[in-house]
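For reference, the structure is listed below as structure tokens.
For reference, chains read A, B and C in written order, and residue numbers begin at 1 within each chain.
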């Protein structure tokens, strides 16, 4: 046991531990921000993501039209710069005369929400089970690991297609299908990290001063593996968004009446020869968002994971 | 056979240009064994790699000549250089464990040297009938080579992978690779450093036998003056990219001239009854990107004089085949 | 020794395959309510007798453990049930469409390797050059873009604008080909019909590139980083000191080592290939298993969906098995 690890354990007894952790958290967050600011591609990703999130939240205020409003007089109108286009519909209209820009703005809501919720549930379940399985081992670990191995045998999209074909399209069904497979990766990551961390000296020290197992897991070890989970979670948000869009593209994700990028691309596919914009722009919106998320994720990995930084 | 004149190899770094080999002069006769001695980072390996023109990017040779049988290697085209590497001049590296390619059979790696320089082509005749005979001839030669370097049961070990060899055996295999084309010069870069002491002696023995039977000239690079003293006819001491002293082994050992050589000798442990105090040389090798004094050894030298700070230094011939770079002589 | 280890590894996949079947079985049954009700739920046009027949077909009239037993033994025999829609065994439907899917998957894999490996190697050899930066940016984009959009962009550029490549199917309409292997590109060559070969090859290019792009990007990235690592190794220096040409040093000595981590990545990426397969087949009207599954989902033809999902999962397991075995042949240090 080193002096420093004993030191932290003692501090917990003197200072209110929650206050201490809060302070640590803010300090870490500030530190992370400081490094992120100097990482140009990650910063670019973050800025684009923020723009998307803001436009999704403010959709009712910034979208020029109701995204579901049909105008059969103005079908397949091209974007404003093309011949026949006008500033009334900046990105043009689709085959039912709905304003494409408004639909793209609203579509962002679905993608971002699905990405965040599906990843959130996956992290929650995966990290919880992973911590417990890695720390306590035993029967729980055996059963959950075996089940995780089985789920790993399915390619992600295939699994989601299978489940969605049973449950039918729908927002909550989608979240369920994605999370049901998504947790496995986080489970494996956290379990592995837990196996390594629990043999380290600071854990011994905490045990020596009589902290309970749960306290050790959640307030001693968790902060140390938080960053690896954060990196994976960031990258997975992008993955989930692509999966949602692919399912919606196949008509298995979000019901068609809600604007979603995947189904918009699918809807415009038939019109590709006459109105390329219906498919192209929603897909572009999607691709840009995913690209930005990946940029941020890779940047975070550079910053937070020193093992990979050595390269 | 080999004559290096004013060789200068530099590495650009963020802190400035590092001169890793600074005006190196060296001459060597066929069949001679020369020991190149110095601390790590003093430019020994870079000098060796410069001879073969294999200085890793972004390092480069900026001036000087490397005359090999009168031909300047620095001016050779890449293709001409390739015909010399492995064929005329071969090299043995420091760490045998990482020098053999892990995915190829050891025998095949030795055979590649023969193959690439067409060693067995003449005997085998021309394609298509020759191909098979050549392969067989090459295999036989590999096994003969493995035998020569002391790898037991070469028939079987031909087909083994490097990880199935011990460190000493790997180094023997590497020597077999180097020996394959009967080079006239062998550059041995710390060939025994990574090995156990008993294996070290065997490998040095092997190198000496090769020198005697094939007349191969050897430059042995080592940080161990003891090894060099035992093995070489002539010793060249390098410090901070420069040769500081050169001379016949016995002379250099018994009457070292340069303060650095004296320091090196004092810091070698010896097995004797009487307790002798080891005297390490104080300080560390200076930062090559940022040399303050004309004499790179100035701030570690126990015989430094005020004039050392700025006086011109050159490798001076002091008679008896000895050269030294120091204002004292 | 290696043979036995390989066999052991093959046997170890059996419990996983059984597990996959069990999971699929559970999923069908765990859906709230009677699966047949759910499957037929939306339309009121199914008669009570038909529902009863369907329950029988799914063995729903028997206890659960009997159901599971029957399900597993039937699956083992290759009996995946009968299509609701076409009244033919699902296995036959899959076997009919499988060659098209295999052709597309192989095309994608070939594309991914042919593009990914050289790009990765060149990027590593010319580290930090313009070529390196452009290809790494390109591969980043390749990883981020979803298949369906990439396919549509491909159609817009190469079919609509440039009119180089067809957008739909495996052959121009009106053409047909005698099935030998079921892979048209190969069959046409076997038949010696160059016109058919070019036609089928043209049809294959865009779907393959779309499906293989992400994998190519992944391979390029892994290849680059492992090449960078390997070019620093002593054995590369030895290869140069032997007098080998730089080409031979890179292609024979360095590449062979860099392939080891790359193979692992390709193994993991087969999941992407399989999942993307459904999307790409749909985009390009490629008459393979994936498109059939998607159509079956619309038609609520559940036995087909189930059987195909199982097939995809099995394929994934087998692909990973092959990668594991391949790995041992590439890396002499590993013995499974």
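Details
Here, a residue touches a chain if its C-beta (ideal position, glycine included) is under 8 Å from a C-beta of that chain, and two chains touch if they have at least 3 such contacts.
Please read all numbers here as calculations on a predicted model, not as lab measurements.
The chain closest to the protein's centre is C, with centres computed as averages of CA atoms.
Here the two chains linked by the largest count of contacting C-beta pairs are A-C. Compared with subunit A, the chain whose C-alpha mean position is the greatest distance off is B. Between subunit A and subunit B the centroid-to-centroid distance comes to 56 Å (mean Cα coordinates, whole Å).
One finds 53 Å separating the Cα centroids of subunit B and subunit C.
One inter-chain figure worth recording: subunit A and subunit C are separated by 25 Å, centre to centre, where each centre is the mean of the chain's CA atoms. On subunit C, the positions that touch subunit B within their shared complex are 233-235, 237-246, 248, 253, 256-257, 260, 330-333. Of all residues in subunit A, those touching subunit C in their complex are 146, 149-151, 153-159, 161-163, 165-167, 238, 242, 245-246, 249-252, 262, 265-266, 269, 272-273, 276, 279-280, 283-284, 286-287, 290-291, 294-295, 298, 311. Residues of subunit B that touch subunit C in their complex: 52, 54, 56, 78, 82-87, 90-91, 93-95, 98-104, 112-113, 116-117, 161, 163, 174, 177.
In the complex of the two chains, the subunit C residues touching subunit A come out as 16, 19-20, 23-24, 27-28, 31, 38, 140-141, 143-149, 152-153, 155-156, 160, 225, 228, 270-272, 274-276, 278-279, 282-283, 293-294, 297-298, 302, 305-306, 309, 312-313, 316-317.
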